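Here's the structure we're looking at; comments come further down.
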Amino acid sequence: MKKLINSPDEVLADALVGVAAAHPSLTVNTSERYIVRAGGPTAGKVGLVSGGGSGHEPLHGGFVGYGMLDAACPGEVFTSPVPDQILAATRAVDGGAGVLHIVKNYTGDVLNFQMAAELAADDGLRVEGVVVNDDVAVENSTWTAGRRGTGATVFVEKIVGAAAELGADLGMTAALGQEVNDRSRSFGVALTPCTVPASGKPGFELGEDEIELGVGIHGEPGRARGRLVSAREIVGVALDAIHTDMPLSGEVLVMVNGLGGTPLIELYVVYAAVAEWLAGHGVWITRNLVGNYVTSLEMAGCTITVCRLTPQLTYLWDAPVVTPALRWGR
Amino acid sequence: MKKLINSPDEVLADALVGVAAAHPSLTVNTSERYIVRAGGPTAGKVGLVSGGGSGHEPLHGGFVGYGMLDAACPGEVFTSPVPDQILAATRAVDGGAGVLHIVKNYTGDVLNFQMAAELAADDGLRVEGVVVNDDVAVENSTWTAGRRGTGATVFVEKIVGAAAELGADLGMTAALGQEVNDRSRSFGVALTPCTVPASGKPGFELGEDEIELGVGIHGEPGRARGRLVSAREIVGVALDAIHTDMPLSGEVLVMVNGLGGTPLIELYVVYAAVAEWLAGHGVWITRNLVGNYVTSLEMAGCTITVCRLTPQLTYLWDAPVVTPALRWGR
Amino acid sequence: MDARMFRAWIHEAARLVAENADHLTRLDSAVGDADHGINMRRGLQAAVAMLDETDPSTPGAVLATVGRALISKTGGASGPLYGTGFRQAAGTLGEDPDVSAAQLGAALAAALTGIQRIGAALEGDKTMIDALSPAVTAYQAVIDTGGDLANATRAASDAAVRGLKQTAGMQARKGRASYLGARTIGHEDPGAASTVLIMSALATVSSAGERRSEWPGAGAAT
Amino acid sequence: MDARMFRAWIHEAARLVAENADHLTRLDSAVGDADHGINMRRGLQAAVAMLDETDPSTPGAVLATVGRALISKTGGASGPLYGTGFRQAAGTLGEDPDVSAAQLGAALAAALTGIQRIGAALEGDKTMIDALSPAVTAYQAVIDTGGDLANATRAASDAAVRGLKQTAGMQARKGRASYLGARTIGHEDPGAASTVLIMSALATVSSAGERRSEWPGAGAAT
């Protein structure tokens, strides 16, 4: 295992010190383990809290700031945060209008957020949750824990963040988050495994010409193993899967997201293929992100996420956002 | 070689199609191979052109936009651009106030930009150049081609870009670029090699506990091979080298830059160590960047760049910038 | 069984999990995200630390403390699941300073119900339930036929092992292993494997308790 | 030597470089950035294409075209260096339709000077100069002692090979290899290796020209 770390057990603690030092706009509570906007909760605004295992940076800490999250709860690498820290973050961002939990659909995340929500309710806080489950690689929810939450999380956090800033109430933000999730789908591909620091070994092994199709963001193998083919063919597999599940048309927001070890130049090659495929199917990309937004440590590969826009969603996507990882309009 | 590409020979062409599709604010001339701001040159503003081999994304194309570059000339992967394309870009951005070439100090880049500048001068264009050479790992310029240009390129492009936007003339922008370069130093470390697509093989081999110290950004081995030690120790080596070469004091701008294959969580671990080291030496980080800005394909590792700020440099750093990879203030 | 013995159980479970953490993580890397051993070690270490710190005086309080510690420190799916299991078990024990083998059987059954209530896994879904459920049944069967604590916990532990082995043939339908679908077949479930360790720790301390009745307080165990 | 023969030289050089591109790249991966073979193949292919397209009629025009193509298409350090070399050589040949062995010697010397003017490398710096400079000297020595074109180009080619071999013992002081300092010792310089191929191509076509004087126009070569 080759990593720029001090010790496998201190990765998260050290990284949080780095986040605190790098971003004066954020406050990091290193004992309770959460990241909030500096300056405390905004009175009357719904507080947005997300979180999940670490190793997906910039998700979620990099999305804390004006127009997006109020707090992020980082768990250990690839391990859900615990209820205590979620509860502490929920308390810290409550401005009187209630708190929305944005949760990626993994058993661990869902259970821990649920427990935190129950504890918060015991304290008299109003808490709602949106569960993001956009990954079409997981096909059938009666036979699985349900679809995973991946790239659409960024869309939900950005768009709901904008609405909360504009004064949407708790019920509206929850419904909007659900709408964004329902209109979004993702598919991921891995070219290499990644290594959880505390484990020290890659999560799986892949031959020189093999890839994993339908991977999540936790270094796990995918639904199937395939041959390394061209970017164009891989994009075809991904978009076919998405299009079959949710027929695409009209205006879309697309994210070509690097999993951590794939250089940006390749992501642009992928994006070119995505744009070509969608244009060929009469779908119009009006907004996009190309870069590393939801990573899986140093895994090489990418996820492709498509959201079918509405004028309202486009408006909220364009609204100002000021976070370490997404910033425009201000 | 495992890459998300269509063919090793088409990486750059395909990526440029992707850049064009992803960024409506940019115009990509795919036959002449340059990237410019959409909308043509700004009359009366000094035009800023940079360029170099591809594989360093977002450098340079990701820094084209308001407050930074006017054009970028991407060469083949790790290969300098050719004079023709630099000349074409220079012509495209000339708004009557002359054009500044920002060139990283590599024999190939310097020679090709020089030739382009001569050809431009033949055409009656006013062209000046700044050569960035911030890498302290290359020690003695009488025995080498001189220090390499690495991370400080981002500082030069941002700060000179702000000055040009504010109306600085050609001589002023050249002098300012030189000043930023003179006040900046970098040091890089690689944990893994990277593979040029057209070559198909890693540039070097490294054992499981070996690192390369003092690497550049072209996948080449470093000045020396070392043992994989803690992030804190690696930061110590890098900052000692920088501090020995240019004693640090006062306020500094720091960039902890990922080389492409290192996850952001590790860059924050490194940043924490940098902040600790500098605080211990009475140096105050007042501005910073943590992320992938000057990459070396999928190489794992990082470069650390420090610039000794002045109030003027801080002011220009804070000025608005609107590019794909750096954006604030607007 | 008194508080002391319940603490011994958790100490032994923490020791066994720490010893086998790499194995648990390896199982989780085949079908999950390679952290189960790390999670369980962290959680049980926290439980041990919290027991040492708060020194609860009843079996119920011991298990409640363990449940709280696991929920607070484990993370992942296993934290809330095991944590809830221990808390539900604690609930059945009330404030009794000493609990019978039958009471322990009810506590184990409550743990199973609690885990199923929040995790919604059935037997055959390839989860910890596939080790815990047969363990609870086997325990009860021994008690129902007049067996003692040592025999019951041994039977439970053996049943858990058999359950674990059967998970290898199953396709996961819960937790993150379910994403791999048929690719999970052939691999044992990591959570079932940690359940085996916890049940085996229980068997160890209860038979030790029986044999070494000179231990202060241990003599009360039946 | 007429234009036809100069074109044959460049065709042969392009062929040899394409054939050995992987080797050149491998050399560059030890001391540089693993692209020299790719660069030179791209540049010389462009030169061949431009020659085919524009069909220049004098040796000077052929070399000027090659120089322009290399500068326009190669990139890297080698593009401007070789490109300038060919352009400088072209300059000495003027518009003569046929050039003598002595004229070719002057052209090679001009190429060397041109490359050194812009690259500032001296012999011993571990660059293409370490192959080209002894080649120019050896060529001139043969001509000065009354030798013919075939002997002179062969001597030049052999000297280039010896020069290349010597680069293995040198520490690079120019180009990106210089960043590696003493670590470059033990590796041949990629640019010197491509110079060997170019000089060897020249030797091949000039001796073929001598032997096969039935080639239209080739008989004029001396």
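So that you can tell them apart, the chains are marked A, B, C and D in the order they are listed, and the count of residues begins at 1 in each.
Here, contacts are C-beta pairs under 8 Å (C-beta built on N, C-alpha and C of every residue); 3 or more make two chains touch, one makes a residue touch a chain.
Since the structure is predicted, the reported quantities are computational estimates derived from the model, not experimental observations.
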Chain at maximum distance from chain C, centres defined as averaged CA atoms: D
Distance from chain B to chain A - Cα centre to Cα centre, in angstrom: 29
Distance between the centres, which are taken as Cα means, of chain C and chain B, whole angstrom: 55
Chain centre separation (chain C, chain D; CA means) in Å: 76
Centroid spacing, where centroids are CA-atom means, of chain A and chain C in whole angstrom: 33
For chain C, residues that touch 2 or more chains besides their own: none
For chain A, residues that touch 2 or more chains besides their own: 77
Overall pattern in which the protein chains touch one another (line/ring/star/complete/other): line
Every chain pair in contact, whichever chains are involved: A-B, A-C, B-D
Chain B - residues contacting chain D, complex: 53, 75-84, 106-108, 111-112, 114-115, 137-138, 143-145, 148, 196, 198-199, 201, 203-204, 216, 218-224
Residue numbers on chain B that touch chain A, as the complex places them: 2-7, 11-12, 14-19, 21-22, 54-55, 57-58, 62, 77, 189, 191-192, 208-209, 211, 228, 230-232, 234, 260-273, 275, 285, 288, 290, 292, 295, 297-298, 300-302, 327-330
Residue numbers on chain D that touch chain B, as the complex places them: 25-26, 29-35, 38-39, 42, 71-81, 118-119, 171, 173-176, 178-181, 183
